[in-house]
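Beneath this line is the structure, given in structure tokens, with notes to follow.
To keep things simple, chains are lettered A, B, C, D, E, F, G, H, I and J as they appear, and every chain counts its residues starting from 1.
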Amino acid sequence: MKREDLTEKLLDIKREKGWTWKYIQDEIGGISPILITAACMGQMKLPKAQAAKAAELFGLSQAEERMLNEAPYRGSIPQMPPTDPLIYRFYELVMVYGTTWKELIQEEFGDGIMSAIDFNMTMEREPNNKGDRVKLAMSGKFLPYKYYGNDEGVPEYGFKEP
Amino acid sequence: MKREDLTEKLLDIKREKGWTWKYIQDEIGGISPILITAACMGQMKLPKAQAAKAAELFGLSQAEERMLNEAPYRGSIPQMPPTDPLIYRFYELVMVYGTTWKELIQEEFGDGIMSAIDFNMTMEREPNNKGDRVKLAMSGKFLPYKYYGNDEGVPEYGFKEP
Amino acid sequence: MKREDLTEKLLDIKREKGWTWKYIQDEIGGISPILITAACMGQMKLPKAQAAKAAELFGLSQAEERMLNEAPYRGSIPQMPPTDPLIYRFYELVMVYGTTWKELIQEEFGDGIMSAIDFNMTMEREPNNKGDRVKLAMSGKFLPYKYYGNDEGVPEYGFKEP
Amino acid sequence: MKREDLTEKLLDIKREKGWTWKYIQDEIGGISPILITAACMGQMKLPKAQAAKAAELFGLSQAEERMLNEAPYRGSIPQMPPTDPLIYRFYELVMVYGTTWKELIQEEFGDGIMSAIDFNMTMEREPNNKGDRVKLAMSGKFLPYKYYGNDEGVPEYGFKEP
Amino acid sequence: MKREDLTEKLLDIKREKGWTWKYIQDEIGGISPILITAACMGQMKLPKAQAAKAAELFGLSQAEERMLNEAPYRGSIPQMPPTDPLIYRFYELVMVYGTTWKELIQEEFGDGIMSAIDFNMTMEREPNNKGDRVKLAMSGKFLPYKYYGNDEGVPEYGFKEP
Amino acid sequence: MKREDLTEKLLDIKREKGWTWKYIQDEIGGISPILITAACMGQMKLPKAQAAKAAELFGLSQAEERMLNEAPYRGSIPQMPPTDPLIYRFYELVMVYGTTWKELIQEEFGDGIMSAIDFNMTMEREPNNKGDRVKLAMSGKFLPYKYYGNDEGVPEYGFKEP
Amino acid sequence: MKREDLTEKLLDIKREKGWTWKYIQDEIGGISPILITAACMGQMKLPKAQAAKAAELFGLSQAEERMLNEAPYRGSIPQMPPTDPLIYRFYELVMVYGTTWKELIQEEFGDGIMSAIDFNMTMEREPNNKGDRVKLAMSGKFLPYKYYGNDEGVPEYGFKEP
Amino acid sequence: MKREDLTEKLLDIKREKGWTWKYIQDEIGGISPILITAACMGQMKLPKAQAAKAAELFGLSQAEERMLNEAPYRGSIPQMPPTDPLIYRFYELVMVYGTTWKELIQEEFGDGIMSAIDFNMTMEREPNNKGDRVKLAMSGKFLPYKYYGNDEGVPEYGFKEP
Amino acid sequence: MKREDLTEKLLDIKREKGWTWKYIQDEIGGISPILITAACMGQMKLPKAQAAKAAELFGLSQAEERMLNEAPYRGSIPQMPPTDPLIYRFYELVMVYGTTWKELIQEEFGDGIMSAIDFNMTMEREPNNKGDRVKLAMSGKFLPYKYYGNDEGVPEYGFKEP
Amino acid sequence: MKREDLTEKLLDIKREKGWTWKYIQDEIGGISPILITAACMGQMKLPKAQAAKAAELFGLSQAEERMLNEAPYRGSIPQMPPTDPLIYRFYELVMVYGTTWKELIQEEFGDGIMSAIDFNMTMEREPNNKGDRVKLAMSGKFLPYKYYGNDEGVPEYGFKEP
């Protein structure tokens, strides 16, 4: 069994039942709803309690329930660059604003990155009389590159006499 | 003269003068600071007034000032996937969460995309006692796919008798 | 069930019945015929009413009918550049005229893009005594890049004090 | 001298003089304005008369004038897929509608292609109270695949006795 | 049913029956033999009469017969560059002689291309006492780029007042 | 000095002098004219006598003359697939007809290839009242795969006792 | 039936029977053992007599036996560069020594190539007290580029009056 | 000035002076020696004090000193996969052991990654009578994916009423 | 049967039984546990004794047991660069530190590589009050390029008189 | 200074002087001639004594001499697959025979590779009345994968208690 087959099965059930993601998120509950959808799409694991609820909701076998609780091999896009227009627009933002983000984050925080692991995200509808907007808020821990040697008991860098 | 040569020149001056982006943004002013940096990085144009101020600040020729006012050929990343870790993390977010964004935006708004053109963005430092966080807020107009024919005086779709 | 399997099924039925696209477009009706074909090819959704008619026409299950009403993961070409000569010619037009389109559209409209979402299209046969011609008319809304800060209640760009 | 160096030179002069494409098209005249821009962008040749006028306008050497009259090595996009959003939207149209174009053109005309060589194109601004639109009209000769042997004095296909 | 499955089926029957292409070409007849093989390989359609003969010869269903009469999605090589040595040699000729062909064809004919659609081809064995040779003759219509505006009732190029 | 710089120099002189390939081929003479052009394009070497004549014609240094007599690193296309339409059409022929060529050549000759080295080629204009045609004739020696061991004093294949 | 399915079947039988390649080579015999393995791996054909012996040994159907006697679509590596370390080392040799081979072969033989078709090869274990070595001997016919026109009755190169 | 030009300059000086990395690391000092080399190779920044020492050692301008103190656009390999054998072996380790690392790290630590930012590394020579060995020790902080909502004052995930 | 199918089967059994890698490693035993996992993931073979134990543990057929004892076609990552974040971080280390490793290893050992074949590896949890760390220790034999001719009875390099 | 510039300089001198590789190999001497050519092509280093002789022969600066003595960043082919026919034939051999080499080497030697580092090679002209042949003999040390834990004092594989 591959994770993508499980994803296809969940989407088939969702379609047949006529469920929305909102409904699935409420039924499983307990963690952030965006992660529940990401897990059903095969990109996140569900914690044990949530996997159990998902198994009940979708009528899964024990092996399928356990697979939902495993960290998947991530990467949801069939090929990069993404061919789907909705997803491509985010890819385009990286191409256009990527170097600007690098300049500004590093001026503010120093050398390092915004974590994509210790990371969370919200989506909201932003009403606007010229047409509603999608509002995404992302928050990732800043992780600085460590530049000093000998910290934390790690042996010296570089070649040493054996 | 290529836009990338102008970008290299601006970065050389910034380095020699010891300026920060904050300083450059304040000097040029009048539009969102993130766009001022993006324009200096060769990804946006500066409106005429801002291009004039930039020319004064950096000591540019008239041709260079005009080039800053042109819409550039966008795409700031030397190659995709980006090799720089800070920028790659955003690329990774697209790969991991892209299909989830598609599911949730389309459940809420219907078939369409979040615009990357009618789009704005903020960055903030989010203090946190486990380590400060980078907070990005993005807001793009939702653009629905149009599914009905004959609207707005456009001729019928499909082959017609000549 | 994957959308591409549904596309293959629709094409099998079309072939067995000996239907033309013209016939299918007329039977389903109500929206632009070019979109009906695009939806059958797995690139657009059909609105509910049209999905119902398609289900009746092709004898689909309820789940298949619902899938036709879902926004698909778009991207109809098996690989890019397209290997099929008819489709490749359009790809070639982008390569040869792309920078010209950029120059002329931006001179006329300013910095921005022609939308591929708020977009429509017609095809016509253009009789010509040296050989008939394919005439394509495309019309997409011009979307300008937004260059000014603080509009629409969005917070200032750039790093702020927390 | 490479054609791309000549393109860069023409764009430098255009910028320094503050010319528009409209002005350049009117000055050179005699052929379709869109081709004049395409030739300046290094994708088309200028016929001799036009190359001479361009040489006068831009102050070119005889070798540069002759280069403008040569069929260039075409392909204006630095890399595919195009990273610039304006041009990418056309690429996306090929990905999303390519198979639909193939189905409909071949149902109407039979097996063959729309020529990208015996091809012309117009662009117009289409006023619209929800926002003006870019209107592109393309017209290419339909070229049918030839399916019968022995026509036009061509020898039989296949292996023959020597 | 996919066209490549039909190709595989035809090759299976050919192998089981022990037929040669020569035999198949003679049985189907009526068009150039090279196109008959290309159609069986899934790259060309067979005209209706030939599709009917092929259906009889191979014992095909009506749907399979109709599929043979459809213009396929072309592109016969599993991946490019081709890994098979026989086919790669042709690819190599394009790499080595491509720019030479461009120079010579354009010096003789002007700016344009040799059509790959209005195109025919023969293959012959050329006896030679140092080893027989494969002789390929290709003939494609020259298609000139059109450089003049306003011909054939097409509206002027460039932006016009609406 | 790189071979591509020499090619650029030859093309610059050709353009400045207003020479045709026909003229250059006649001046250099002695070998097939198509190879003279290919050598000037950096894809073939010129034999010593021809290199000397080319040096005289173009006014080259001794080192440049010797470089013309060297076997170049072949591959004339900036990137594959070729972006130029004239050259792409040949690439397309390989994609569409490649597997057909393989089937037919191997049915006639057995397992092997058509040499791209022991190869020659002609180009002719083929007058035609529907539009003149480009006629290419290619002839390459058939090289059979060798299937029997121990021929020509070569030791047995496979692992042997040392 | 695809050739790769036949390869998989042969490897399954080899594994179940516990056979070695040595055993299979001896059983089939008559041609070089390395080619027998290459044919079983789907890269060479077996001559008729050997295909018959292989069919008997592996218990193949007549269609499978005939498939073994067909020239396959060659290219045994799932993707290039090869991910398997043993095979990658050969790929690396091409990258590191390729230009050296070109320099030395062409200094010795003139302009041309070493044939990969009229080619044979041996492998031997070379005992060595620092660790045994794999010894590969390759021998390919040198094929010179032909530089003179008009040989072998081939018409003159270049454009001719029709 | 580009960072890669500075790297080339530093390597030129190192070569002319006949310095070793050991010497440069000792002269600059204060941080882990492996990072000093990485910074000279254009992949890390040097802290201010170290940049000053490097400037003195290599005789750099103030702008070059400041550039050494900037976070570079990382990615030191000219193209991936790396063509150099020493570096390729590490790439191969990722291909062969990557999924194993994923399985074992996630069994031990749960869902997350080993940081490549909060990361350090040592190299040692490991004497061995069968041939000395290169010993690499890497240590990266484990970063768990965060699976619970509402932590740290971040708003709820998912679409909310505006 | 393909090796990847066997891997999928082993992972299915592991999931259904609820086993950990630790348990599987202990049950199979006798060789390094990291290799046992790598073999189950299809990247290493298991020695005969271990393959037998694995067959007993997982209830495999004789053919499956033998397959576990075969050297697989290595390369565990579905595509490169790896899309999974945990594995990508290692890929990133190669990109960022690759040239540094080359400089330092070659300064210490001379020209050569660290073997990825005669190679071993450990993983440990490194407790740390700022968050535990993953500690990887790698040790590969240094293999020097051999620079002198005529050693070990190998014939002289270079072309010789036959 | 980059190594490729030094290579270009050496080839320029070789061409101007009219030297052969044989002459250069004899002048530098002391190591295998094939490596001397490889070093001049920028793929190997020259040992100190040979670098000194090369410096004298070519009239190099001290920095250039030292660069010849450095291990270069290897990879001599401008792009893979190689576009030059001579080099491509070797690449093709890897594609066609790669899996066969893997099967036979591993049946003879067990799991491992043929080293491309502890490797040597000869080239000879093999006279043959059907046309002389290029004979390549390669010999690389077999390096077995190590499958047993705890050897050579290396700590146990797998996670351990800290």
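Throughout what follows, a residue touches a chain if its C-beta (ideal position, glycine included) is under 8 Å from a C-beta of that chain, and two chains touch if they have at least 3 such contacts.
Given the structure is predicted, the values throughout are model-derived calculations rather than measurements.
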>> Taking touch as defined above, what minimum step count separates subunit C and subunit F?
In response: 1
>> Among B-I, H-I or F-G, which pair gives essentially the same interface as C-F, with more than half of the residue-number contact pairs in common?
In response: B-I
>> I'd like the Å distance between the centres of subunit C and subunit J, where a centre is the mean of that chain's Cα atoms.
In response: 52
>> From the mean C-alpha coordinate of subunit I to that of subunit J, what's the distance rounded to whole Å?
In response: 25
>> How many angstrom lie between the centres of subunit C and subunit G, each centre taken as the mean Cα position?
In response: 46
>> From the mean C-alpha coordinate of subunit F to that of subunit I, what's the distance rounded to whole Å?
In response: 45
>> Going by the contact rule already set, what residues in subunit H reach two or more other chains?
In response: 22, 34, 71, 73-75, 77, 81-86, 92, 95-96, 99, 102, 104, 106, 108, 112-113, 115-117, 119, 121, 123, 125-126, 128, 130, 137, 139, 143, 158-159
>> For the complex, give me every residue of subunit G touching subunit F.
In response: 22, 25, 31-35, 44-45, 47, 71, 73, 99, 102, 106, 110-113, 115, 117-127, 137, 139, 143-151, 154-160, 162
>> Which residues of subunit I touch subunit B once you look at their complex with the stated criterion?
In response: 81, 83, 85, 88, 92, 95-96
>> Which residues of subunit H touch subunit I once you look at their complex with the stated criterion?
In response: 20-22, 34, 37-38, 41, 43, 74-77, 80-82, 84-87, 89-109, 112-116, 119, 121, 123, 125-126, 128, 130-143
>> Which stretch or stretches of subunit B touch subunit D in the complex?
In response: 1-2, 62-63, 66-67, 70, 73-75, 77, 116-117, 152, 158-159
> Okay, in this complex, where on subunit E does subunit G touch?
Replying inline: 8, 12, 15-16, 18, 78, 82-85, 104, 108, 128, 130, 133
